[in-house]
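The chains carry the letters A, B, C and D, assigned in the order they are written, with residues numbered from 1 in each.
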Amino acid sequence: MSTVAETSMTLTPEHETRPSASVRSRLQDALPKIVLAPSFAATIVFVYGFILWTIYLSFTNSKTFPSYAITGPRAYQRLWRWTFESDPPSSWYTSITNMGIFGFLYIFICLALGLFLAILLDQKIRGEGMLRPIYLYPMALSFIVTGVAWKWFLDPGLGLEQTLHQWGWTSFHFDWIKNKDFVIYTVVIAGVWQASGFIMAMFLAGLRGIDGEIMKAAQIDGATTFQLYRRIVIPLLRPVFLSAFIVLAHLAIKSYDLVVALTSGGPGGSAWLPSNFMYEYTFKRNEMAVGSASAVIMLMTITAIIVPYLYSELREKPR
Amino acid sequence: MLRKLLIGTALASGLAFAAHAEDVKEVQMLHWWTSGGEAAALNVLKEDLSKEGYAWKDVPVAGGGGDAAMTALKAMVAAGNYPTASQMLGYTVLDYAAAGVMGDLTETAVKEGWDKSVPAALQKFSVYDGKWVAAPVNVHSVNWLWINKAVMDKIGGTEPKTFDDFVALLDKAKAAGVIPLALGGQNWQEATMFDSVVLSTGGPEFYKKAFNDLDEEALKSDTMKKSFDNLAKLVTYVDPNFSGRDWNLATAMVIKGDALVQVMGDWAKGEFNAAKKAPGTDFLCYRFPGTDGSVIYNSDMFGMFNVPDDRKAAQVALATATLSKSFQSAFNVVKGSVPARTDVPDTDFDACGKKGMADLKAANEGGTLFGSLAQGYGAPPAVANAYKDVVSKFVHGQIKTSDEAVTELVKAIDDAK
Amino acid sequence: MSVVTTPVRQDIGGTGAKTLNRIVIYGLLALFALFYLMPLFVMLVTSFKTMDEIQNGNMLALPRAPTLEPWFKAWGETCVGLTCAGIKGYFWNSIKMVVPAVLISTLLGALNGYVLTKWRFRGHTLVFGLMLFACFIPFQSVLLPMATILGSLGRFGVTLQNATGFSFGLGNPTVNLVFVHVVYGLGFTTLFFRNYYEAFPTELIKAAQVDGASFFQIFRRIMLPNSMPIFVVTVIYQFTNIWNDFLFASAYAGTGDSMPMTVALNNVVNTSTGVVEYNVNMAAAMIAALPTLLVYVVAGRYFVRGLMAGAVKG
Amino acid sequence: MAFLEIDGLKKRFGTVEILKGIDVDLEKGGFLVLVGPSGCGKSTLLNTIAGLETITEGEIRVDGRTINNLHPSKRDIAMVFQSYALYPNMTVAGNIAFGMEMRGVPAAERQKAIDKVAKVLQIGHLLQRKPSQLSGGQRQRVAMGRALVRDPKLFLFDEPLSNLDAKLRVDMRIEIKRLHATTGTTIVYVTHDQIEAMTLATKIAVMRDGEVQQFGTPAEIYNNPTNIFVADFMGSPAMNLVPVTIGGNGSGLSVVLQRDGREPISLPLANPPAGLSAFQGKPVIFGVRPEALTDPEGAERNASNIATADCHIEVIEPAGSDTFAVTNLGGKAVVARLRADAKIQPGTVTPLAFNLTKAVFFDPATENRIL
């Protein structure tokens, strides 16, 4: 997530043509744009085109299949009504509150744990080469693979609780995965397990990129280890925080299979995230309009969070 | 490497197209029967077709009780690549038929006499606008109790005939230190059990009014409230770790004797069979107390798609084989369900199967054969899922009282209609 | 620039508490290693147990009588749908989809990054921003429209086939999946390369221009040979994502002949009828995950270096 | 006709004008240095000559041929970059030969050319190494080798010495000068270091904010700066620029310098520039280079206009070859350049000689030289 360089080096600005240039050299000038064009066109069609399509569908009465007659914002009215149904919670209410809890905890814990592990690993650790892949590997596995193992581990009758009971700690109690009020936190645990190693790698890379002389200077200035990290190192890692945030935000939004594989939706649907809601309504309940409307709300939320960030990062700085 | 791959795949597809000139001796079949017993059952059909010279192109997509397969089907239909046939449930068939993507098997149906042999309740889903669009494979019935005989003997229980009997039986088991009721806390399992509870509490007329006709008076009646209270009572007999459990694990609890009884559709019998348990000696199958004489059903259907002409012959062969008496018998013996036509001999079936077939026939004739709302045969998926939401929220405590449950049910169903 | 040396860290902390410090640090690291390894451990021990032991024993206990049987069964015998030949056949399906998809998306990402940093035009940030934002689209919402487009392409392929005798792979499920993964992978590959090339000295490009190298010659001779670190990162990232994708794979894979590994694995693992053979499931899961595990373990060190070299620069 | 001619060159990025009409020319075999503070447009100007950036208006001609629209590789130029821009993935030989390879020169011929250049620059033993294995000076040589091997019409240097340490910089500066002398090539050279500009150039263009402030020989630039900016930028230590008022006594003009707490000094001018009379009684900026301000014994013998005044010496800086004395005039620190052995103590009041022949005056409003 790099910022734009101070001086943007323009080799062939588009607003200037070379009057006497031959067709061939004009082709050469256009080459970069020609190379970029397919990717850009694909993005426009297959991302933004589809977003428009989704927005359109959300204003129709689409059920099992897309229907193209606009019938008004009924889907949004339903979502809006559900937004405030907290007793008993509507599926939509559950999904968005879960998104808040999950999104915040998942991103926060991943960042904190990733940074913490990276700092520990950066202390000239023998066996770093062995530990690093151990922390990283969860990212390599699909949750179809690891979901079962996690489900067992968190199941009070099979996993941790039972094991500790067998070992003699009979008062130990850990049944979050069965509890409607806590199941979302088990999703956080599994999610953190999956992504925090990757974030650790990003922070480790960031730490390795910090000039050793700055650290020396701070030590000479009498900074304690804690002060060194809090006042010098962590501020220097700001760009990594931002990149990690983007990666985590995108993973959080797409955490669909995590919920399904781990909890099958949780007791009474209490583990749903908006992506589950969207999938359920679009594909399972044949209420495509509502599914599309929820997708639009999701995209709007993402836009509200990501676009200001992208804008501040990508805006061309004055020369 | 890349070039080679691309050319290779291109060539492969080229060859596939080249064969289009004459009839394609191949059926493409989308389904989610991937586990041992089900796959074995389906293999019978594959064998039957291969005897006639048709190749079987398998498109299995497991997961979520067909959710993943239905998503794949939707994508295939959107792409215009219809499979020859797909496993489908209830209202989904009608939705696809309304979208005009299903084929027409009426000719074959007339020839084979399906109109007479297939129960009318099933024809509601396999016939659209006067045309046969799907071949029913089986009939499942959901209002069953599955009981471990050893445990039953130990606690000295007898077949419960009423809901109160049932509760008394469960109390006995509880007193004996056995988990009385094995339940998987997933919304479809809870709702499937609730189908039976409603039928038991309100009787056949009430069930039909509430869960097939979606009559608002019935939905918000005191009978429905009573049903929820009964459900709440049953849930008190469930072990604390039930939430999220897969249904087959619940069945395993009964098989192993950890639990006394499970309320589940007749596919549970497949689990007993796989564990080499015999009906009558190892386990018992009773109708859910107070529902004898009625059958709440669901059915697996093979929806037949509007395939190109050169694939129609294969499709007809598939449909004919599916509804042939020999396959209906062989398949359903393995699967635990009963045949989708009422004129199949019951000789190969076990005691539970025989009872199931007799019950189906009686219910069909007596007008007490009802679609299961939980299984998508009572109302379209939007309604069925809204219903499952409410039941599950009630079981897990998001909805606290039966009054509230009834209000929510009416609201949710109204919303989804 | 391709060689990133690891600077030696200064020891942090006083001399007196040093030993204690080290013990605490190693202790914490080991504890977290256990946390990360736990699911893998459960899967591994389960895959070597007999069904009896799984049903009656503790899931964390080591197998009493280790057996390789589940692995053999998963590899060569277990049923995927109606075909009972194990999951070995689906490996090739996945590979012939994943390899082209990873290579094409990475190469396009590299070209895009090259253009967006070294051949800027007015509005280049907008173009990049739009491509980056595309990373956030939930894939569930593109499933159907994409299927429609793939279907049209397939029919166009048939037309081409009839007209020219060659369909150019249009309509082929593997080609479709490659296409889809390339399209939805572009955002990330472009991001990775753009950030890397941002720090790539522009003077090298100028020098090569003065030397008479063309657009593509500069890319091939100057940019690519100096892109190893980010190449590794991108390939690992893309490989993992595409190998593990289930949604697109299940929706667009067509018949079992071209079904990728994840769909086959799902069909083995995600069945809820009959006796669930957890040991075989776990073995199958491990086999399916081997390529990605291998990639992470083997290329792990280059991964951190690659991240260092650009992906996380500010 | 000059060898390199730049006429009315303008460059805009959107609405921002980066080069505002540059007119410069250079004879064949000349050495043009573009000098100025960072951001003045000197590198952009060089890039437009190289063809690495397009121009919005104007014309660039080399040897009578307009090259505005030619691709960099077709302009018959070679360029040495600040970072040397050696391709890290190629050996030294590969780097030097890359341009020929791109032009399709046969391998044998390339080898011959490499050997020849390697001999000239004494880098024969480095040919098989990668750039990362070279020291800064070696990289610099390789970068020059890559330029030399092309035998171009025009050499472009973009701050080639700024990444070297002080000693090496001096060595390489001499080397470049020698190379220019022996090969007789035409060179355009960008630097922000005015010493490099003075020592190397046959022509200097001092730039600021996209405009050429002054274009001329080093001596012209040094002795006759056209404005305050050029006067201040060229020369080290910089020219003393002191606010003064012009006093008049009948026919002659004088410079009136303020001092704190003491009476102003009045220095009579023998040959004031014609324009100065208009400023009588008004403030102007008085410019005098340190070497024109000495102890009376060290003053230039044949200067026609020397005035002496007592100054309070605040600081003494013995630099070995010279001694610099800092005094305060007109509210500003003023540096005088004395002989190394000048007997002078800080805190004392000492007479200093102003060589007013070399003094220059600027209009404080326009900052231009008063002529």
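In this text, a residue touches a chain if its C-beta (ideal position, glycine included) is under 8 Å from a C-beta of that chain, and two chains touch if they have at least 3 such contacts.
Quick caveat, the model's predicted, so the values are computed rather than measured.
Counting steps between touching chains, the shortest path from subunit B to subunit D takes 2. Note: the chain lying farthest from subunit D is B, by mean C-alpha position. The chain pair sharing the most C-beta contacts is A-C. Between the CA-based centres of subunit A and subunit B the separation comes to 37 Å, rounded to the whole angstrom. Each chain gets one centre point, the mean of its Cα atoms, and the points for subunit A and subunit D are 54 Å apart.
Centres computed as Cα averages put subunit C at a distance of 55 Å from subunit D. Multi-chain contact residues, meaning those touching two or more other chains, occur in subunit D at positions 52, 71. The set of subunit A residues that touch two or more partner chains comprises 10-13, 28, 279, 283. Residue positions of subunit C touching 2 or more other chains: 122, 144-145, 209, 214, 266, 270. Listing the residues of subunit C that touch subunit B in their complex gives 79-84, 96, 99-100, 103-104, 143-145, 147-148, 150-152, 154-155, 157-158, 161, 165-172, 174-175, 250-257, 263, 266-268, 270-276. By the touch criterion stated above, subunit D contacts subunit C in their complex at residues 14, 47, 50-52, 71-74, 77-79, 81-83, 85, 87-89, 98-99, 102-103, 132, 146, 158. Within the complex formed with subunit C, the residues of subunit A that make contact are 1-5, 8-15, 28, 31-33, 35-36, 38-40, 42-44, 46-51, 53-54, 66, 117, 120-125, 129, 131-142, 144-146, 148-150, 152-153, 158-159, 162-163, 166, 193, 197, 201-202, 204-206, 208-209, 212, 215-216, 219, 225, 228, 238-240, 242-244, 249-250, 253-254, 256-257, 275, 278-279, 282-283, 291-292, 295, 298-299, 302-303, 306-307, 310-311, 314-316. On the subunit B side of its complex with subunit C, the touching residues are 1-2, 5-6, 8-10, 12-14, 17-18, 28, 31, 33-39, 42-43, 46, 56-65, 68, 71-72, 74-76, 78-81, 246-248, 267, 270-271, 274-275.
Across the interface of their complex, subunit A is touched by residues 4, 6-13, 25-26, 28-29, 32-33, 35-40, 42-43, 46, 58-60, 108, 111-112, 115-116, 118-122, 125, 127-142, 144-146, 149, 183-184, 186-187, 190-191, 194-195, 198-199, 202, 205, 209, 214-216, 240, 243-244, 246, 262, 265-266, 269-270, 278, 281-282, 285-286, 288-289, 292-293, 295-297, 300-301, 303-305, 307-308, 310-314 of subunit C.
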